[in-house]
Amino acid sequence: MNVRRLRDADREGWDELWRGYLRFYRADVSDAVSDATFARLCDERDGMVGLIATGEGDRPVGLAHLVFHPSTWSAASYCYLEDLYVASGARGGGFAHALFDAVYAAARAGGAERVYWHTQQYNGAARSLYDTVGQLTSFIVYERELGD
Amino acid sequence: MNVRRLRDADREGWDELWRGYLRFYRADVSDAVSDATFARLCDERDGMVGLIATGEGDRPVGLAHLVFHPSTWSAASYCYLEDLYVASGARGGGFAHALFDAVYAAARAGGAERVYWHTQQYNGAARSLYDTVGQLTSFIVYERELGD
Amino acid sequence: MNVRRLRDADREGWDELWRGYLRFYRADVSDAVSDATFARLCDERDGMVGLIATGEGDRPVGLAHLVFHPSTWSAASYCYLEDLYVASGARGGGFAHALFDAVYAAARAGGAERVYWHTQQYNGAARSLYDTVGQLTSFIVYERELGD
Amino acid sequence: MNVRRLRDADREGWDELWRGYLRFYRADVSDAVSDATFARLCDERDGMVGLIATGEGDRPVGLAHLVFHPSTWSAASYCYLEDLYVASGARGGGFAHALFDAVYAAARAGGAERVYWHTQQYNGAARSLYDTVGQLTSFIVYERELGD
């Protein structure tokens, strides 16, 4: 088990994980956006950092995507853990914990003082993990999609 | 009633609003951070945009702070509405609605395709407004403060 | 199907259930604490009572741990149902219901006027059972771990 | 502002606070139970500890009642903060924070490794405080009143 920075050579394995993750959220993300996201993560551009967990033979089995951004409440940046995913066949093996360890280390190294993430209120499987590595807050999320 | 970009001359009025807002959250933000935040908002640096609602005599009665940041799900940026506040004496007068109109306009102008914000699950007064100008999601917020 | 008080001879079966239960909560409990807890439950010391559900051949398939404690609201004690677990292979067979019957009988016998327990807000499988044998309250749980 | 252990001479002031607290919960607690509770708290019997916050002239303006009890998960005890109240006229003056400081100190001194408490999910005023001094968990509370 290993967690390291995402790199160009991971594209194929990352694609599979990313597609599995988006299917979970029933989300449509265009190929153009996926291409751009992969490039930004590998290049660590725009505040993005990609992490990948690998199993035997350096095969990618999990991903974490961080987005650093400033906050009005702090001189340090906040680190938004936008995406976290472990392939279904690799669950229960400690990859998610290893990813969180790496997320916190990368956030600290990037100068953030706080990592936060969103999860569906009813996602028990995820929350039972998050309850052990993070802190539930009293906050919920509102949004507004801006039409063209 | 007017909503406009925050500017250097608003410092005194902004301070009062910002302190009232932080008191509501029982939050401690140092003067150094407040100084830096005000400057970033006025200069629209680091993806930050400040909006201020004014009443009679251009007196500041409400504020909104936006933080634009990239997203792995989109080529466009997301706009995080980090802070929103209307002074208690000015509530019920439509300032919050006017601020939201300006937030959405500024987000569009800044190239964002989505605005999102956090609110306490139990903040009924705020949520009854948010339900009319935004969309509740099923997401809750986890966090991890990173010690030194 | 039978539910009875936990006894020394149950140690092996109890261990397996206890470990499965702790795995569910991703919790680390040291062997020393587990040893002490088993002894307190069997001896009914410190307000603790252990119950065990057994299937064919008196094989343990479920457990319930009670902690009696005083309350400022009552002359009688309260009974905190701290742990409840049925092995995954034994679910759907009525063991949980039988455990609750025994919990209530033991609580009454121990002089309690109220049994209460905590469950994860998102644990739908557990809550669909609890809704039939208990009463949801409006209460949520806050905590503070005390560092050394 | 001061927080100290409850003592016999506080009876009158405590009564007023206790009645105000119970009114908040629309709860009926008999005089006999209140008498016994006051005595247990002053004598620190049955795992109970009473704390009282006082303002000018040593006048009681807030209370906190702790119940220490064992846990199956720990060799140390847990400290249940069963009751916390600040008189309405004394709110906003920092008494609740001072009470929490004293609660944590008393819990540590009593050998507890964890303090926990329940609050109504919709009690925004209380939760906005608790969010600053404690930790929201994912747990909710079920109960069963045992008839005669």
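Just so it is clear, A, B, C and D label the chains in written order, and each chain counts residues from 1 on its own.
Heads up, the rule we're going with is that contacts are C-beta pairs under 8 Å (C-beta built on N, C-alpha and C of every residue); 3 or more make two chains touch, one makes a residue touch a chain.
Bear in mind the structure is a predicted one, so any value in this text is a computation, not a measurement.
Peer 1: Across the interfaces A-B and A-C, which one involves more C-beta pairs in contact?
Peer 2: Spelling it out, more C-beta pairs touch across A-B than across the other pair.
Peer 1: Quick check for the class: compute each chain's Cα centroid; which one is farthest from the centroid of subunit D?
Peer 2: Centre of mass proxy via C-alpha means gives A as farthest from subunit D.
Peer 1: So, what's the distance in Å between the C-alpha centres of subunit C and subunit B?
Peer 2: It comes to 46 Å between the two C-alpha centres.
Peer 1: Need the CA-centroid distance for the pair subunit A / subunit D, whole Å please.
Peer 2: 41
Peer 1: Taking each chain's centre as the mean position of its Cα atoms, how many Å separate subunit A from subunit B?
Peer 2: Going by mean C-alpha positions, subunit A sits 26 Å from subunit B.
Peer 1: Could you give the separation in Å between the centres of subunit A and subunit C, each centre being the mean of its C-alpha atoms?
Peer 2: Centre-to-centre distance between subunit A and subunit C: 36 Å.
Peer 1: By the touch rule stated above, which residues of subunit B touch at least two different other chains?
Peer 2: 120, 122
Peer 1: Take each protein chain as a node, join two nodes whenever their chains touch, and name the resulting shape: line, ring, star, complete or other.
Peer 2: other
Peer 1: Each pair of chains that touch: what are they?
Peer 2: Here the touching pairs of chains are A-B, A-C, A-D, B-D, C-D.
Peer 1: Taking the complex as given, what residues does subunit A use to touch subunit D?
Peer 2: Within the complex, subunit A contacts subunit D at residues 127, 131, 135-138.
Peer 1: Taking the complex as given, what residues does subunit C use to touch subunit D?
Peer 2: Touching subunit D from subunit C are residues 27, 29, 32-33, 36-37, 40-41, 46-48, 65, 67, 69-75, 80, 82-83, 104, 107-108, 112-122, 130, 133-146.
Peer 1: Where on subunit C does subunit A make contact in their complex?
Peer 2: Checking each residue of subunit C against subunit A gives 24-27, 120, 122-124.
Peer 1: Help me check something: in the complex, which residues belonging to subunit D touch subunit B?
Peer 2: Checking each residue of subunit D against subunit B gives 121-124, 127-129, 131-132.
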